[in-house]
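Have a look at these structures, which come just after this line.
Two complexes follow with chain A in common, the first pairing it with chain B and the second with chain C.
Our next item is the complex of A and B:
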């Protein structure tokens, strides 16, 4: 327990590993592992789209989520919605009117914090695809254990015993909150404290993004 | 985050250098930069570049083509309807090409273009709100190097690779052009057309181009001499 409290103070996140351009055929793709949780995202677009779903002033964003079993469920639709709304705020869709941008996310391993991993992977894939964006975003999750401690980036076991789980997404400009997705019961003060901790932890995700882009921009002359 | 020229940038970053340059005089914003109410923000991940006096842009990785005016592209004719051809250039919507925008074309003298032909053309109209339009003549009515590409082989690559091999400082074309004869047309939409005397030579050109994406200038030179020696060894 002592070690874990130490981690929270230093805002240590699970080790992140990433490969961009993982898929050769899609316009942009990224595979990201956060600890043992792994997600793969691919971005295609701006593409042609049929009349009824195209918008004359902005590009339509479509998010497809494939779980490991392959069977679509209501929970997956819900995740798609969260990811879509988060990405819509980030993408400058008015630059690509009458087109569609498709994001496909494949679950590979889920050992806790999967939604935030999906969001981070989607962001990296969008960065790789070269779609114009207003800002990048970073998702950080945390859990509230039964003693009221806030655990950043909880593991599977911690999630099973947790009273509440919270996911926050921040933009890179002012670190303002883009998406907040919570489950369970907690007080307002706890929410504020969790928000503040996740906001400071999002710096680590942003610097990770910068490292990845630095690594890839060296080879692209 | 605040960034400087030649830094790695992410969408949402801003550079004070651009803003201060903008107060003094005119600034040209290239791809990856966007003026908002208060500042100029970066919209693409890559490296911020500057060319004196006041031109800024972001070198970024991209595979999907978004048309922009004046670029030379390679397209496939997908449809012939009335007096226009529809040409797939890899963008979200096929480009249009009037049959009159060929050299010496008149209403009576139609150009011989079939569905499925490969064209090397120039972007004339490229606006986000309109269909892109391409032409196969310059403003003097001459075709120059534009027009139908006969025979040869077309392959796709990232937009960066095309920019890289067309960069005058890139040694790739310099080193292989003296080894064996070939023709090459590079479209800014990430398509490259090549034609050589034999199949082996065509494959050699294609492989040399694709392999050079992640190589440095010296490595490219080495690779080219390697390929040339392999080719010469088997031919003799």
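Our next item is the complex of A and C:
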């Protein structure tokens, strides 16, 4: 545990807290806080699906993102798209043909690094629901400040002054890149450095997943 | 909406145990589930859970033009959303009958009862007023959404504070929360909607669970007299704000009186809890304690299935804490087990047990059958 804490300090990942089975009606659900950012995800599936969105080869993945207040916006659709594409690579959807799996994500608190928190929550909820997956995935975000320093898991103040933000999602097997989305201007070298640092930081997220799953799988229902 | 069907077997069973004086989760007829309110970091955001039913409410405000007929009044807008998160049978972005029903009930309860001082939301007559928007998101639908959503709406409205505004000549300055202390919403009274399930036209259940809500309105072959759901809206002064009956018509008006009577006490209780939690939250915020939704995540309550605890109470079984005479038996068990369990089975509600992660050594409790009637 001591070494782990040191690593966290070194990488400056925000403290994570998670509870599985937060909701009783969903097949799988998880609430995750990374620092002050909190998201809640629920997974239902495989369920029956409307004819027009049915696929005979694989299950259809539906992702719904709900913001906390106000009207749904284009930004929400963008988040849905990223989460759907990331989860599609992870879920073994060919095992559930002619069905649908729905992931619903609810924003609770947004203090920076929200999208990566959503992705991690979605992954934990998928694990909790027992849907077959190729691999689990971990999202890590970082920001580039004025002086060109790379800040892992930036806070909200850091994000406001940041020159660029980058988000990476890695799979658990080869730590290969699954999804990457960036904003702002940066050089190719900076991108590579940020990628390498986020990749090593993703180890912490995976070990957190492992802790959570071992904790929950030992309990008798 | 994908429909949810209940078998006649289930319906008959529920009808029978209720006519015998029992409920599935072991409550009395007029006993409600546990109410919990937690706040987020912003003003006017809260999660209210009533048993397993969970609702998130968030109030936001913006400056808009007032309505022509009411030029000096602010606007209150209530929006209810039920996403697939609440239960698998709901579809995304689809208005269901339940959503419309909930929205209308809450509008009746909070807009038509005039509990909010809308005139205080006016900035410039006929030009600028505050418009409050209450967004209610159902997180988990385990019965009695009306009550849970109304408590959430009330709590978030009472908790909400809008930014201060100064007028100098024609210009209006909206101050940030750092510049000037925000202003709380003025509430004349605190109305709450309560749901009662009427079974077989004479039994009144307060705070019905999901299955009780589904069953109460439908008759079966065995039971042909059906009941319905009665929603009573009442404030802390025992004044009636709203009545709504869905399901079969009543032929005995005394049941409504009975419902109103028990609603009066419960409303007082709820409003007191809401006021107390808001007071506590306020003093915490003044001490600059950071309040966040991450506080509701607990790591000492571990479950492997998505059920909080056994939600069916067994009438003839009792979970007792170990007594001294059982010590020998405990030792025997511990010998058999190479690694002591990290989790404790503790009795929570009467006749229920749940598993809780504990750091200390495990203790054993005996689950014994008291009667041998079979």
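FYI, the second predicted complex is superposed on the first by the 209 of 221 C-alpha atoms of A that agree within 3 Å, B and C clash if a C-alpha of one lies under 4 Å from a C-alpha of the other, contacts with A are read in each partner's own complex, and residues count from 1 in each chain.
Here is the rule we use: contacts are C-beta pairs under 8 Å (C-beta built on N, C-alpha and C of every residue); 3 or more make two chains touch, one makes a residue touch a chain.
Note that the structure is a prediction, hence the values are computed from the model and not measured.
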Q: Please indicate which partner A:172 is in contact with in the superposed arrangement: first for chain B, second for chain C, both, or neither.
A: first
Q. After lining up the shared chain so the two structures overlap, which partner does A:48 touch, if you call chain B first and chain C second: first, second, both or neither?
A. both
Q: Could you look at A:17 and tell me whether it touches chain B, chain C, both or neither (first, second, both, neither)?
A: second
Q: Pick one for A:95: touches chain B only (first), chain C only (second), both, or neither.
A: first
Q: Using the touch definition from the top, say if A:82 reaches chain B (first), chain C (second), both or neither.
A: neither
(Q) Applying the document's definition of touch, where does A:201 land relative to chain B and chain C: first, second, both, or neither? (A) neither
Q: Look at A:143 in the shared chain and tell me whether it touches chain B only, chain C only, both, or neither; answer first, second, both or neither.
A: neither
**Q.** First (chain B), second (chain C), both or neither touched by A:164
**A.** neither
Q. Touching A:135 in the superposition: chain B (first), chain C (second), both, neither?
A. first
Q) Across the two complexes, what residues of chain A are contacted by chain B and by chain C? A) 21, 27-28, 44, 47-48, 216-217, 219-221
Q) In the complex formed with chain C, which residues of chain A make contact? A) 17-21, 23-29, 31-33, 36, 38, 40, 42, 44, 47-48, 62, 64, 66, 68-70, 102, 104, 106, 108-109, 111, 215-221
Q.
List the residues on chain B that touch chain A in their complex, please.
A. 1, 8, 10-13, 32, 34, 41, 43-47, 59-64, 66, 92-93, 128-129, 160, 164, 167, 214, 216
Q) Of all residues in chain C, which touch chain A in the complex? A) 2, 40-41, 45, 47, 52, 54, 56, 58-60, 81, 83-88, 92-93, 133, 135, 137, 139-142, 290, 292-294, 296-299, 301-308, 342-343, 355, 357
Q) Once bound in the complex, which stretches of chain A touch chain B? A) 21, 27-28, 44-48, 90, 92, 95-99, 127-130, 132-136, 171-173, 206, 209-210, 213-214, 216-217, 219-221
